[in-house]
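Alright, structures below, take your time with them.
Shared between the two complexes below is chain A, which has chain B as its partner in the first and chain C in the second.
And now, the complex of A and B:
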């Protein structure tokens, strides 16, 4: 299945509860992770996500690029996107 | 920076797995530990650096009193002999001696340390399987109580005593079987095989040493009281036999150490804070066993305890700093800490209770805690549910007061500082951090290397 479609199908609530209807698996994510999932559902690309995080959170000395890459690899590992998915 | 926006947190996503709570224990309820007896850990770190062992005088003294009360309310004469190997920092030993503790030592080094701490030599119980002739010489001159471990030592002790022209009081260390605890048969004379009785006969025949006490130490971290009841009863019955058959009345029965602290062994399911018996329960069991003594209640021997870890473990904490976050290929998070197993030796035995020193935010996820050593064995805590932490933030390991500041090793890094928080909020060093001179100072360079 198309990665973006699988992402769009994820059910999210405002508290960070995530449900993957494809597998029935449920997850918890934090506000930053939730925002990234929402950006991905909207089809945002890497630079749009990074800019969006900067705009929405009080970022101090954090390494957003590394965090985003790590988050995407978590999505791959958890089967929320395919193994080839990258940003 | 924009304070109006929510704080950025590293993004995390954690799968809800059935049984994960049990598997990694203590998930949601992690409470930070921000201070020790009113002194913020941050302030201690500022004063003494990281990593840092921090001891609570209040907990140490309270624990001592609880132990003493538990036994002294049940037995007429009780003596606590502080097991030096458990923690022989002078400051800790002196606090315990101020509470009335005698000393229990197992080497010439520990003996000298006890003397240096002002313990009268006649208040030293001298254990151990490898006392030298010089050790025995020193102990007999000082009128310390030597616990004999084997026949060769018995013979050596007789020679030394004859040479000095003294008739010292000695104890016999016994080993004996109890249900559920593998007997430490390598120490002392075996009771069930008759070896202990042979030792008594041998001692009587030698006619130079006087038997004043019987001792056993059945093991360490024994989270049950039954074995103590059995050990106490066996010592009592043996004491009865010595009186009846040989006319020997011992002054003391020494049940050794071994009470469990509030730590949790790696193989244990329930946390030690729930599983470990109270001092009162150990005391009831021991006194129950000692009821087998057939002596007038007023002539009961002194009950000696050599409690180590249960006295000092809970008073000690190790504060450490996060150096890095890693994501392992299996998805687990790993933290690299600035303190390793070279400092926290007990990380090999226990699932240490470890929490952040500041309020926690964010989603806990399975996290393994590694130390700073470039060695695969350097794991400070097996995987547990842990909140997100950033480099520079601090964690504190609890119940680390026993055996760490003695069994730690100088390996790859310096040994950290140790401080004490006093009962009224004052704090001071018990031992400063090591320096290159401390470590390299004992080295010599052969002349031809130059």
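And now, the complex of A and C:
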């Protein structure tokens, strides 16, 4: 399946509970991860996500970049996107 | 309505799930008759589910013995529908369906030919004909064949009985041991099938007998027993699994309930391991998710209008429970010695 479609299909709630309707798998994520998923569902690219996170959270640019890359790596590891997915 | 398969153990039969689904329909207004092979089948003692309980002869005793018993049940409490739920009894019920219909007892079953084409021994041929993705498999009637089986089926592999039972083997010696174990329990034929690593997904569906699907719900197991049976699961939105169920119904023109056992591998490929010609034990999930397939089969059998089966709620979960039912010695005695029990016999 298309990665963006798979991300759009994820069910998210405000407490960071994530449900993948394709596999039935459930996850929990912190507020930063939840916000990244919401940006991804909206189709945002890397720079838009970084700008959006910077506007919402009190963090420096290097930390943000590292957090985003780690989070995307987690999405790949959990099968929520394909192994080729990147930002 | 009569239902079989009340053996609700840690590897449960489908009967209790079917009964619960029937009772969950707002249109249900009748009595549930449990048909069991043993006086200790747990579902017989589910007082909130079963109104009348009868022991019936094992399939090995032949169709005439089963028919005579069903005639007795019908004369005593009246039956309008029978839903058999066990693989081994299906040939007898299929053979009897016209005679049952003549008595006024409706069924919604596959044909004998349909039952045979999805058997484990014939599944590879069906897959080739219908474009269904079945892992490499072979029927092995002589254990000596297992020493060269790797030329056709790679290790690790599963050694499976015709109806139930599967043993995993990594070497020829393990395969031979498993073969003898399966034969001792289930007899021939034995099927050897390549292991596929991935996530197991099951689909409960009902075919209309004309090549179409009446309804289908895919489920991912979220908790397994030590036997690998699902103890918890979740209804998922898996279009490919649903497409395979539709394809199976189209190719076989399947009539009645069935279950596809699938594995989705790490690259997203789907593999059809087995087709069970009946409801699975987890079929109550279909009712919980808003697509009550047992009730649909009861409607189809009677020619009654179908409920809305257009959608189900993705994310609906089941979590199984084992509990101790209390019964009386008198209830057990009646079942063990007279072969029947009715809630009307209970002392208030």
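As a convention for this text, the second predicted complex is superposed on the first by the 84 of 87 C-alpha atoms of A that agree within 3 Å, B and C clash if a C-alpha of one lies under 4 Å from a C-alpha of the other, contacts with A are read in each partner's own complex, and residues count from 1 in each chain.
The criterion applied here is as follows: a residue touches a chain if its C-beta (ideal position, glycine included) is under 8 Å from a C-beta of that chain, and two chains touch if they have at least 3 such contacts.
Quantities reported herein were computed from a predicted structural model and do not represent experimental measurements.
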For the three-chain model obtained by superposing on chain A, do chain B and chain C clash or fit? fit
In the overlaid three-chain picture, which partner chain does A:22 touch, first (chain B) or second (chain C), both, or neither? second
Which one hits more chain A residues, chain B or chain C? B
With the two structures laid over each other on chain A, which partner does A:30 touch: chain B (first), chain C (second), both, or neither? first
Of the partners chain B and chain C, which touch A:41 in the superposed model: first, second, both, neither? neither
Looking at the overlay, does A:68 come into contact with chain B only (first), chain C only (second), both, or neither? first
Could you tell me if A:11 is touching chain B, chain C, both of them or neither one (first, second, both, neither)? second
In whole Å, how close do chain B and chain C get at the C-alpha level once superposed? 7
Which chain A residues come up in both lists, the one for chain B and the one for chain C? 25
For the complex, give me every residue of chain A touching chain C. 1, 9, 11, 19, 21-25
Okay, in this complex, where on chain B does chain A touch? 1-16, 327, 331, 362-363, 388
Of all residues in chain C, those that touch chain A in their complex: 199, 219-220, 222, 233-238, 264, 268, 314-315
Show me the residue ranges of chain A that touch chain B in the complex, using the header's touch definition. 16, 18, 25-33, 35-36, 53, 56-60, 62, 64, 67-68, 70-71, 73-75, 77-78, 80
